[in-house]
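Two complexes, one shared chain (subunit A), two partners (subunit B, subunit C).
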Partner chain A sequence: MTARAAPAPLPPATTVGLLGWLRQNLFSSRGNGAVTVVLAVVLVWFVFNLGSWVFVEADWTVIISRAPLYIVGLYPYEGYWRLCICLLLISVLLGMAWRAWPNAARRFAFGFGAVMLFVGVFPHEMAPDHRALLLLNLPLIGLGYLLTPRPADASPGRLEAMAGSALSPALERVAIFSTPRRKVIAVFVALVLTMILILGIAGVPGLDPVNPQDLGGLMINLLLAFFGIVCSLPIGIGLALGRRSSLPILKVACVIFIEVIRGVPLITLLFMSRHILPLTFPEDLNIDRVYLAGITITIFSSAYMAENVRGGMAAVHPGQAEAARALGLRDWQNTLLITLPQGLRNIIPAIVGQFISLFKDTSLVYFIGMLDLVEMGRVSVQGNQEFIDNGREVYLFIALVFWVFCFSMSFISRRIEGALGVGRR
Partner chain B sequence: MAETNGVQAAVDIPADKAEILARPLEERDDIVVCENVHKWFGDFCAVRDVSMRVKRGEVVVIFGPSGSGKSTFIRMINRLEEHQQGRIVIDGIEMTNDVRNLDAIRREVGMVFQQFNLFPHITVLGNITLAPQRVRHLPRSEAEALAMRLLERVGIPEQAQKYPAELSGGQQQRVAIARALAMQPQIMLFDEPTSALDPEMIKEVLDAMRELAATGMTMLCVTHEMGFAREVADRMAFFDEGALVELGPPDQIFNNPQEDRTKLFLDQIL
Partner chain C sequence: MTRLLYVQGVPIWRNVVALRWAVQVVSAVVVLSTIALFLLNVAREIEARDIPFGFTFVNRAAQIPIGEAVIPYQPSDSYWYGLVVAGLNTVRASVLGVILATAIGILVGVARLSPNWLLSRIALAYIEVFRNIPLIVQLLFWLTIVLTLPRVVEGYVIADAIFINNSGLYLPWFEAQAGFWPWALITAIGVALAVYAFRRLSRREIETGQPSYPLLAASVIAVGLSLVALLILGPLAIDIPQIEGRFGRLQGGAQLSGSFMALLVGLVIYTSAFIAEIVRAGIQSVGKGQTEAARSVGLSGMLTLRHVTFPQALRVIIPPLISQFLNLTKNSSLAAAIGYPDLVSVANTMTQIAPAISLFMIVMVSYLSMSLLYSLLGNLYNRMIRFKGA
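Take a look at the complex of A and B:
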């Protein structure tokens, strides 16, 4: 084209200023205006009172002095460095996620780094080597970032722009998490190492086994929810495939399992795992309640996961299976290569939602005598004369911790959804 | 590779088949034989008593009003629908419930759908190499080389690493053609391949089909692109209410239809 096209006309202004917005949305009629005013007064009054309590009256010393209990329970102090190493592993993974899904994980990685920085420099009692290990998270997020190659469709990040073109061949060489398989292996290795570090191995110096009873606080909520979800994914997929299968016995068995588990509250399952199931064990078999809780939560979660997976697979367009058959793929190949991957992608938001509710549900393990974050909060208040009046501070803190985790999860899930193009054909 | 009409064939044609393709149409063997085929959905008879023989290398265009059983008919040829009465024989293989027969027939027959039905979670290259690797057990490098050759044929080799959603409709449909050809079929089925496309993309898909027809591929196309039919079809089949009403060369269909229903329908759409 030689002639330059006339500039496209601009869209009409959509904003009519703050006043216009207010008039349109909050004061569109006399009744609306009244409701707005009343609600605004209530809101200001509420926020003011809460704020003055939080910043003036409340006494937060209980949180600071009991922080380790809330975070890691009765985990032995000599093993704290092992938990710090676990955090470092998580940092590397976060850096990897930041690079692979910049929109989804960047703020998450920043937030994690900010928390580590805050705790690392906060003026409270903490061993200098623990502080150093916490601060080491910041460079390790960067390391994870650099170990992952830039996605083909992303523009160079600020880090690379600073490093300049001289460094980019070197950067390419260190980017070892290049294929999906390697990323999965990295995640898997990190998970296994985390378990080993947290629980310890008998006979390895420095890695003394930790009494499972001592696991507690936020750590046990996160561990149970995370391993519950991770382990329930393959089980749930198996159950969903069984439910879709044409073998009647397999199908009925899967349906019964799923419906029975979904029909029973988690707290009942926990009770049975603790008090009824052991009746069927041989006498000398003594499984710790932490593992029983883990297994129970996994089973509970699998039933829901199975229904999610089934729904996700049912939502795959029937034309996909027809195309697969027309190409000569067998039914099982169609299921594994076409329907299941698309079904799983469909349910990423549902899986995160399930993780969030499972994470909150893990606070029920107090029922079989475990000291999770909520129970630890209760004990720290009621078991100590000094803090007997600080229940409000403690429970507000606990609520905030749960909220921060759940909110960041749903945030990251919405972004990953966008990055993977869920709902796009 | 065999050559027909001076155009390099899209798929490998065995020497004996190539020899048959060199003969004039009426002296070739029947690659598709349908005898008195019926299909019901519940009580509703979607295809009734259709008999049709298609020669190797022949192009048959199928047309007719919506709901007349065109899709159901061609979907029976690769067993996406099961025929309930009558007989279907594909390149000498009888269509039965025997899995081995079905596998053999699906290897012979490729299909292109109205809605493309590309696999959205794998790249264009992955879409094309999947079945050759999993069904024909080609090594990956060979499958990829084949895929690139086919993408070049349909004119979009530069899109190999993209995902289907990143392509235009016309490009997606050309990928779907390449994907079907990668299984080296002897017969290609098209079910309204251009109906979901914007007008400016129809031509690029029809061009790819035209070129395929010139290589001696046997094709059954459901389409209402009458210009394409006039130019490419050896015969045209008019379906109405599940029955094959008229079957003849384009010249007869367009200029001298033997059945009133054919004439009526053509008057409506032309």
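Take a look at the complex of A and C:
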């Protein structure tokens, strides 16, 4: 009589390889599997429909035929080369950033270069010299990269490895942006040059002043957001210090200012500034609405910035202030030298987040009659019989532009956070 | 005080108390005079440039049409009443938006943490796509979609009662009959009884350990009483929208205009992306040990979420959630761009005749009181959840 062997137990489910990954993440149980199948079907259907609409049905002439309007608004054609040079300056800065924070800025530099390459070779109407200027961005990113020395903690890049040791002394001599001060000066010079190039100077041949009203498109969104953030930082710090101070009237005034601005929609502030701000200037000084928008956005942003700064300062460990007092520092020295600098480092991610939301909010300046990217799109759809049915194309394009900017900024901020060691020191 | 100011041997410019007072006074003078200077300047210019200002206009007839209104409105009504109607439109969009955005935000936030890779990635895509596009672009896009729907006569009809077309969404709605108020009273009594029963039974369950089904009992009391009264009194009739006339005009039922639909969809999707991130962060803030302990005492995934993770996560979730509600309310002012008559939109129309600065002062004060209401809510909640004892 032979004992019947017990049936061999099934081998455990594999947890490695593609099959194991699928089993763990998509089909871990019956319900999970059903969810996966349903979602996959819906996803395929969605992607297929979107793809067929984008590549077959949609009519993109409304974008391609008036691309410059979306990007720079009514900026005079004769001045386009100046904007191209601004882009070149940005390229150099991007190259520097790539070298200084390789993890954070590399993809951004690549993306920027890719966009320039795409626009530069895309078959549409464009003057050859503008094309050449756009393509010049690619070498200039490399130039910015070479002008910056390798950070001490980074390993040699592929470029240096290729160049070999023979070239490295030469590379070191080229890297002129070696100290933080030089880098700051470079950024500052680039900014001033950009402003001069965009607005022009009266009397200088080739740099004819541009009517600020003609600034528009994506350019004005970016400019307003950038200057809004930069100008609101000092005001916000001042408001935050005022709110923390022990002077009752000053404190109350700051609190009221911050809470009122934060409690109302930006659109009402824009409206009020259109009617009230001109009253505070002399009657004959006809201030342009670009500046009105800039001032309003700065005021709006500074209230939010003040709360960020206050939060950052509150997060500084009280031991820091106590140690400062024990060393004999006065209250104001304590605030300015100990608490504030540490607080500011805490809020770098918050500032980037605020920049993103401010950039999105600049799309409201249509309310005081400016032709930003969104308003340009709206006008070209609603004010144009030819494109009246192309709303979807236009708004999807605008959404894509904003999305690319906002998403890449939040991506970079996460990387910079890592590079600066926020939360680890 | 005088004793403090004149300390022997310490000159007054070295005296800490005196210095502090001096700084207080100087700062107060500087701040107040800056504000006064600004206000006086503006007031003088308003006078000099003959800019209309004042609040006497609010009782005059507004003479402007408002496309949709929660309460009856005619152009012959006063400015004041017109602003109230517009404010109610803002409130309507905000309340509906807050409810829907919270529901969808929680769903997406939980989906983001799902063990199913595909589901979590789709939730991530939803969040990253919709929160990185300005709301106004989304609103204009949805408006375009609504406007490309077919006309009323060719529109979609579901079960002969729900109409979807380029003029909006039309739903069957209730119409109050004679017995409405008695019925409402009985329902209110039922709810009160149900709350009492719920408390009583849950206490019993906690004290004795006997299953007492508090939720079941409470819902039976409330719903049952209300239903019985409904059958006897017949307080509500159902009003089904119908197409009238050759050009297709829909009458009756609840009407949600196209621009309202676009506004609501845009607000809800945009805000829910932010809420989803808040919910995700809140759930992740609950220690992993809590989940593991719940699983080890035998709670299933859903029960763990409901009884262990969520109640603890709420502490972290609620404060930023309330600030999102405030954002949604403020963002509803973008209705002005897509033709929904909210507060800003109507006030903007009124400025054609009425003094603009006064009008927008009223608008700003309205928004400020709404945001005060929200922060009151937040403070109440904070007081409620403060750890007791210890």
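We adopt the following convention: the second predicted complex is superposed on the first by the 384 of 425 C-alpha atoms of A that agree within 3 Å, B and C clash if a C-alpha of one lies under 4 Å from a C-alpha of the other, contacts with A are read in each partner's own complex, and residues count from 1 in each chain.
Everything below uses one rule, namely that contacts are C-beta pairs under 8 Å (C-beta built on N, C-alpha and C of every residue); 3 or more make two chains touch, one makes a residue touch a chain.
Keep in mind that this is a model prediction, so the values were computed, not measured.
Shared-chain residue A:325: touches subunit B; no touch with subunit C.
Using the contact criterion defined above for the overlaid structures, shared-chain residue A:263 touches subunit C, although it does not reach subunit B. By the document's definition of touching, of the two partners only subunit B reaches A:342; subunit C does not. Of the two partner chains placed by the overlay, neither subunit B nor subunit C lies in contact with A:65. Of the two partner chains placed by the overlay, only subunit B lies in contact with A:333; subunit C stays clear of it.
Among subunit B and subunit C, the chain that touches a larger number of residues in subunit A is C.
By the document's definition of touching, neither partner reaches A:211: not subunit B, not subunit C. The part of subunit A that touches subunit C in the complex is made up of residues 25-26, 28, 32, 35-36, 39-40, 43, 247-250, 253, 260, 262-265, 267-268, 271-272, 275-276, 279-280, 283, 356, 360-361, 363-364, 366-367, 374, 377-378, 381, 389, 391-392, 395-396, 398-399, 402-403, 406-407, 410.
Subunit A contributes residues 152, 317, 319-320, 322-323, 325-329, 333, 337-338, 341-342, 345, 421, 424-425 to its touches with subunit B in the complex.
Residues 23-24, 27-28, 31-32, 35, 38, 41-42, 45-46, 49, 51, 115-119, 122, 128-129, 132-138, 140-141, 144-145, 147-148, 326, 330-331, 333-334, 336-337, 344, 348, 356-357, 360, 363-364, 367-368, 371-372 of subunit C are the ones that touch subunit A when the two sit in their complex.
Those residues of subunit B whose C-beta lies close enough to touch subunit A in the complex are 78-80, 103, 106-107, 109-111, 113, 115, 117-121, 130-131, 134-135, 161, 163-165, 179-180, 183.
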